[in-house]
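Okay, structure first, notes after.
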Amino acid sequence: MEYLTLFISAVIVNNFVLTRFLGLCVFFGVSKNVNASFGMGMAVTAVMTISSILAWLVYNFVLLKFNLTFLTTVVFVLLIASTVQLLEMVIKKHVPTLYNMWGIYLMLIAVNCVVLGVPLLNVESNFTFAKSIVHAMGAGVGFGVAIVLMASLREKLRLADVPKALDGLGVAFILAGMLALSFLGFSGMISL
Amino acid sequence: METALMVLAVMVITGLVFGIVLAYANKKFAVEVNPLIHLVEDVLPKGQCGACGFAGCMAYAEAVVLDANVAPNLCVPGKGPVAEAVGKLTGKSAPAIEPRIAHIRCAGSVENAKAKYQYVGVQDCAAANLLQGGQKSCQYGCLGFGTCVNNCPFGALTMQPNGLPYVDPEKCTGCGKCETVCPKNVIKMLPIDAKVSVNCNSKDRGAVAKKNCSAACLGCGLCKKNCSHDAIIIENGLAVVDYKICIAECDNPTCFAKCPTKAIEAVVKDRYPMGSAANVAGNVAM
Amino acid sequence: MKELWSIFSKGILMENPIFVLALSLCPALAVTSSVTNALTMGLTVMFVITVNNMTISLIRNFVNPKVRLPVYIVSIATIVTVAQLVLQAYFPLLYKALGIYLALVVVFAIILARAEVFASKNNVIRSCCDGLGMGVGFAVAMVIIGAVREVFGSGTFLGYHVLPISYDAPLLLILPAGAFIVIGYLIGGARILVNRIEKSKA
Amino acid sequence: MAVNEESLKMNLLTVSTSPHITSSESIPKIMWSVNAALAPAVIFAAWHFGMPAIITMLVGVVTAVATEYIIQVIRKKEVTINDGSAVLTGLLLAMCLPPSLPWYMTAFGSFLAIAVAKHSMGGLGHNIFNPAHIARAAMMASWPVAMTTWTQMTTSVDVVTSATPLNILKQQGYAKLIETFGDASNMYQAMFLGLRNGSIGETSAVLLILGGIFLIYKGYIKWEMPVLMIGTVGLLTWIFGPSGLFTGDPLFHMLAGGLMIGAFFMATDMVTIPITRKGKIIFAVGAGVLTVLIRLKGGYPEGVCYAILLMNCVTPLIDRFIVPKKFGARR
Amino acid sequence: MKSFHGGVHPNDSKKYTAAKPIEAAPLPKKVIIPLRQHIGAPVSAIVKKGDAVKKGQLIARSDAFVSGNVHASVSGKVTEIADYPHAVFGTCPSVVIESDGLDEWAEGIPMQRQWEKLNSKDLSAIIREAGIVGMGGATFPTHVKLAPPPDKKIDTFILNGSECEPFLTADYRSMLEYTDRVATGVKITMKALGVNTGYVGIEDNKPDAVKALQSAFEGTQVKVVALPTKYPQGAEKMLIVMLTGREVPSGGLPMDVGVVVQNVGTVIAISDAVTKGIPLIERVLTVSGSAVKEPKNLLMRVGSTFADALSYCGGLNGELVKIISGGPMMGFAQSTVDIPVIKGTSGILFLTKKDVNADKESACIHCGRCVEACPMGLNPSMLSILGERQFYEEAKEEYNLLDCMECGSCVYVCPAKRRIVQYIRYAKAQNAIQAQKEQAKVAI
Amino acid sequence: MSDGQHNESNDSIFKIAINLAMACFVSGAIIAGVNFVTADAAAQKAEELKNDAMKALAQEADTFTPVDGKEGWFVAEKDGQMIAYIVPAVSKGYGGSINFLVAVTSDGTVIDYDITSHNETPGLGDKFNQEPFKSQLRGKKAENLKVVKDPSDKEHIQAMTGATISSNAAAEGVKKAVEEVVQLMGGK
């Protein structure tokens, strides 16, 4: 149950994009069509889960042990960037169908706030191994939900008569604001 | 001191491990791709920002190389220089080798050209053209709904109050987009140093053309007679200038002097006075 | 000198990292609820991007292309860590306020992008100018957003009341939703400004 | 020939694409009809809450119309303040607000609804979210205290209380709620007639239903939407009652809060809901489910506004997947 | 009766002419006979300027199978072969004949023929020779419909007596006054097709027509069915699904579900051609609208002009703003009265301001009325928006643009007064241009 | 980002790896150096901050000593005389957990408290770290730390308008701390 609330909290109530502003570059960059967004959401979920696992292991068994927590940033970012790069190469070679589905989005998230942010938050909140995984997956799914919604809204707006100055990015931000406003309805639903 | 040593050890080991893994993987999992893609990708900033609308720089590189419709200037952080380099690599740069400018081959303004009916409907030339060829009696003239204006990627066209588009020579790049969207083929690209231009597209017989529009080319051939270089022919009741001859041989064109309808004119840079820039299709009553 | 100035100045408006390029948006929203935080973050990024540009420019010829990205990242991460350590030691309250976003400076697209686009192809001085320009542009944008949100969202500027106490501030501006909307309009405003300037040039 | 051909030549004939005849429906007609349908509830509110409510409604409408006018002038678009849509937005917003809200908050909200929620997206027909609800959510976030402060009503009814029924339920429980009204049947009666505290326009269920029936009769809204949304709320609140399954008080929940006005006037705002009938049904049920979720589990006592906004977010996806069945598609 | 999805109930405005018997219009002084009065290959003139022609004489033909012969509709002299305005195509090469006022038949016409003895092939040949095309407006050559490819098994014939377009009463009057010819035409067609099952679909707002045909078909295998009054009941696909329950597949023709549909005017022409040898040179049409003084149902020669019709009907009454060839839902607006009547002209409407829609268009408010009105199950709202924003391909690929039959139901109900049909036509045209370009590319 | 094959360098895997390792080495050296300089300062600052925080809670005290076996607990003393326990506590609020630092006298009376982290709605729920709400809790004992909605009840805690959940959470967190102190004292 605890895990479930943690998961739901990360997906809806404390959505990473809409309340913590992580992963915005990708959120605004790739949310132009629904299919790409869906792929992106899956890719983020997968990468985030994997990197959270690795980061947790490294942090608890190396950095914490030798009292080197100030190296967290360096090690994590290197770890994630390399893992993603590796993952991309492996998938591209061996599972091309999967690669076409969401592998192409991998490079985009090698260096990305949300993918680095979640492992850092896990560490900061002293989550257990299992909790870290659940949290990371929740964050990924939450990201996916937000970006797919955003993409569908933007697809609709593409056909609208948006003022020229706001067209594109400006209105995307305003949309995100309204999306966040709507998600406020979930606030207070789960308190951890 | 011990901490410092530990730091160094951890960092070096991390570096070594990832270095080896990456280098190894790079060889082991190499996938054959179009080398051009890599060249292009190399030029890109690799911010992986996705601002181009593709999933990262690699994806954009792939798209711009493989898909002819993907423009080379989509990279936002890279801006000009990157666009240029990508364009060069993919051979997509070239906005026309020969400098040219869009030319409206119609002088059938609201006053000059007769209307056939009152059009009510979508304000778009191609849409209006579907209804008996548009609201003008002349089947060949500019309809004046500004489809070209709306489609110009450089904002070089504006609709004048008289119902004809104005081409801003400063802004026109000669890309030819307007030429393709005009349902009447009124717009043609003119060499930038053209000396004269025929401002009519009517293939009607002289009498009919005249009845429909006071500025029509009647195909009378006076200009042809007045051209000392044989650069003009009459084709389907319309004077056609061979610009190769005209530009190369003629210094002082006189062909247009005798034209009864002023359908052929000397090209002056600011031939059209810039009217109020409002998007007015004067001949259209909603 | 003129060239250096143009390298420097383009980052401030015409290629402003936040308003025009729309890169590194996370901090623009997350830490701009007060001007102080925004300014700190802006200065930190300015520092990191400038130093990193110089570093990359220095080492650009020694890096094997196959590990270029990891090396660049290591460089950025090192500089960020240094900044972290310094802030932690001397300005612990600010350090706490910036929280996780400080560490996330590492993955700001603008820093890596400038390294790849500019520093890896230019000499140290030019790279430094570019970094400074981008950094200043970033910081200015952050402060503007911070100012709008703080002044209208809590009636204060840098903690001092600038609007009458009776001003009933809409909290919306402090909340994420408000931040998104404010930035949306600021981006629109910047676009109008950039277009005006481009027009007047042409 | 007898035909006066000359006169024909003089006036150019009109040519357009078929069809050449259309029905008499128009956007202004729809919008003003909805305004008219709100009229009973508006009049009741003016009597029930007195001057403050009248001022709030006026401020809402005037600000909305003025904002629309200014923006359309700036954007060089045709000014359409006569079509009734800005009036409607202002009025609907005001009806979702506490009666004695400071006027500047109402004005802010009304401005936000028109400028941000509607015209940033391109104006009527292009907005994705219900403007009135976006404004209400924004105001709720901006001034949470003022937005949840309820004043005494002018009508002297025994059951006067300074909190809304849903607030009492959330904070003090069901027993206290019944106690406030005397007994359960008293409570239902008061709530049905609207003799309770709450937002300006949400209290009188019977008048809102009347307005809704008028709109259904005119064919401007589909009966399925309000019925299903209210029905879903009733069903779910009955099932997930306070003391175990099937112990809830569906009638109370159906009458409480902004459900009636939301279901009849907000969830049926055609611009922001799915275009197909099936899509509309999904929207209504979804909104009902979310309303119950927020009411029973969330931090806010009332969830109609957020439920509808959240369903607005999903609308493009619904439209994407729920498409009309094409004739001859069995191939 | 279960109805088809969608549809609208416009004011039928048939009161102007419903009670008016068909009158033969006076012989025109001059006829303009366009050489394109059908869908398919163009025909070329076989007469030249100055030739004397007789009524019913063949004046233009083509070797192509999908085309329709053209006959002189008056006797007289060919004065010109040139481009003239055309109700559908804008302009079209036409043969102009000046009447000699004698109205003489060409040799061998009329004659008496015992059609019962003819086989299906002969019937088909006679119909082809007579230049008969679909007279409801689509003008598809009739003999092509009667000769389906061998893999299409036709088992049902339907007579379309719905006439769902407002104002028009030509078919209705024909069914009442020419009942026998209609019945004969149906029987001939069924024989030509070799089918035994037949239906006559008539909207239930014309009970006397239903009764008349029911008695005419008494004792045959032809069922006369009263259908609910709803536009576009007369669209082939709607009619077929109502009468047989079969849905014509997307992009398909009625013959794909074993059905052939003919219009009332067409079967009358078939009857005349087969029993009397008279080619298609005249038709019944409705002249109506509030701008015309005496609305009438007229029997008019092909090639007479709208002006002829107007002057016979007493001229104008009130301010004319629109002339429509056909019905108000799917007809074509004209810019002049000098337009010739062609085989497909089912009505000529002269409308005043109060009849027509000239309201300003505004943005779509997604009310969904068009989706509910669309008999084809499309999303007209989206199609119009995509057309407006020039996403033609998307309209075709994802929103079934090409399935639209342009019945206009969506525009009729649209409160935003959007010109959906125009957007759709426009998008279709752009897609066609695109397809042409692509084909050209492949060819290179 | 990997540059792939077009650049057919013959660099061995090892050489590439060394390249990265070198970078890491330099990086490590720099970080270690900076850390060496700042570590002490950081630790000192952290200590100061903590003391300041505690001092704000128990203003008269001059020394704070950790309590054995109770993580995060401190005893605030003045001239060697214990005046309060400084106790950390956690409760669940509207937007997640709320962390407290509470100063409690040995007889279980609240001296003061400070909320070190929370995620409540800004401007609404987070008023519990400000006056006048804060002063309501001072001097209260465990049995009085209960939120009521009756304005006339001065014995208990008045809820903040519109933020009942947050009020409850604050009262509950402080109460927990007090109860723990009482338990500790009773245990002695």
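General observations
Letters are used for the chains, namely A, B, C, D, E and F, taken in the order the chains are written, and counting of residues starts over at 1 for each.
Criterion: a residue touches a chain if its C-beta (ideal position, glycine included) is under 8 Å from a C-beta of that chain, and two chains touch if they have at least 3 such contacts.
Quantities reported herein were computed from a predicted structural model and do not represent experimental measurements.
When the partners of subunit B are compared with those of subunit E, the chains appearing in both lists are A, D. Any chain bridging subunit A and subunit F, meaning touching each of them, is among B, C, D; the list is complete. Of all chains, F has its CA centroid at the greatest distance from the CA centroid of subunit E. By the count of C-beta pairs in contact, the leading chain pair is D-E. Subunit F has its Cα centroid 84 Å from the Cα centroid of subunit E.
Once the centre of each chain is set as its mean CA position, subunit A and subunit E turn out to be 60 Å apart.
The distance from the centre of subunit D to the centre of subunit E, with each centre set as the mean of the Cα atoms, comes to 47 Å. Our note on geometry: subunit A versus subunit D, Cα centroid distance of 35 Å, whole angstroms. Shared interface positions of subunit D, defined as residues touching 2 or more other chains, are 12-17, 116, 120, 122-123, 126, 138, 141, 144, 299. Shared interface positions of subunit B, defined as residues touching 2 or more other chains, are 3, 7, 10-11, 14-15, 18-19, 22-23, 26, 30, 46, 48-49, 51, 57-58, 116-117, 120-121, 130-132. In subunit A, the residues that touch at least two other chains are 25, 70-71, 74, 78, 82, 85, 89, 107, 110-112, 161, 163, 166, 171, 174-175, 178, 181, 184, 187-188. If you check each pair of chains against the touch rule, the ones that pass are A-B, A-C, A-D, A-E, A-F, B-C, B-D, B-E, B-F, C-D, C-F, D-E, D-F. If you check the complex, the residues on subunit A that touch subunit D are 34, 148-149, 152-153, 155-157, 160-163, 166, 171, 174-175, 178-179, 181-189.
Of all residues in subunit C, only 168-172, 175, 177-178, 181, 184 touch subunit D in the complex they form.
Interface residues of subunit E, counted against subunit A in their complex, comprise 363, 385-386, 389, 391. Residues 59, 62-71, 74-75, 77-78, 81-82, 85-86, 88-90, 92-93, 171, 174-175 of subunit C are the ones touching subunit F in the complex. On the side of subunit F, the complex with subunit B involves touching residues 1-7, 11, 13-14, 16-25, 27-29, 31-33, 35-36.
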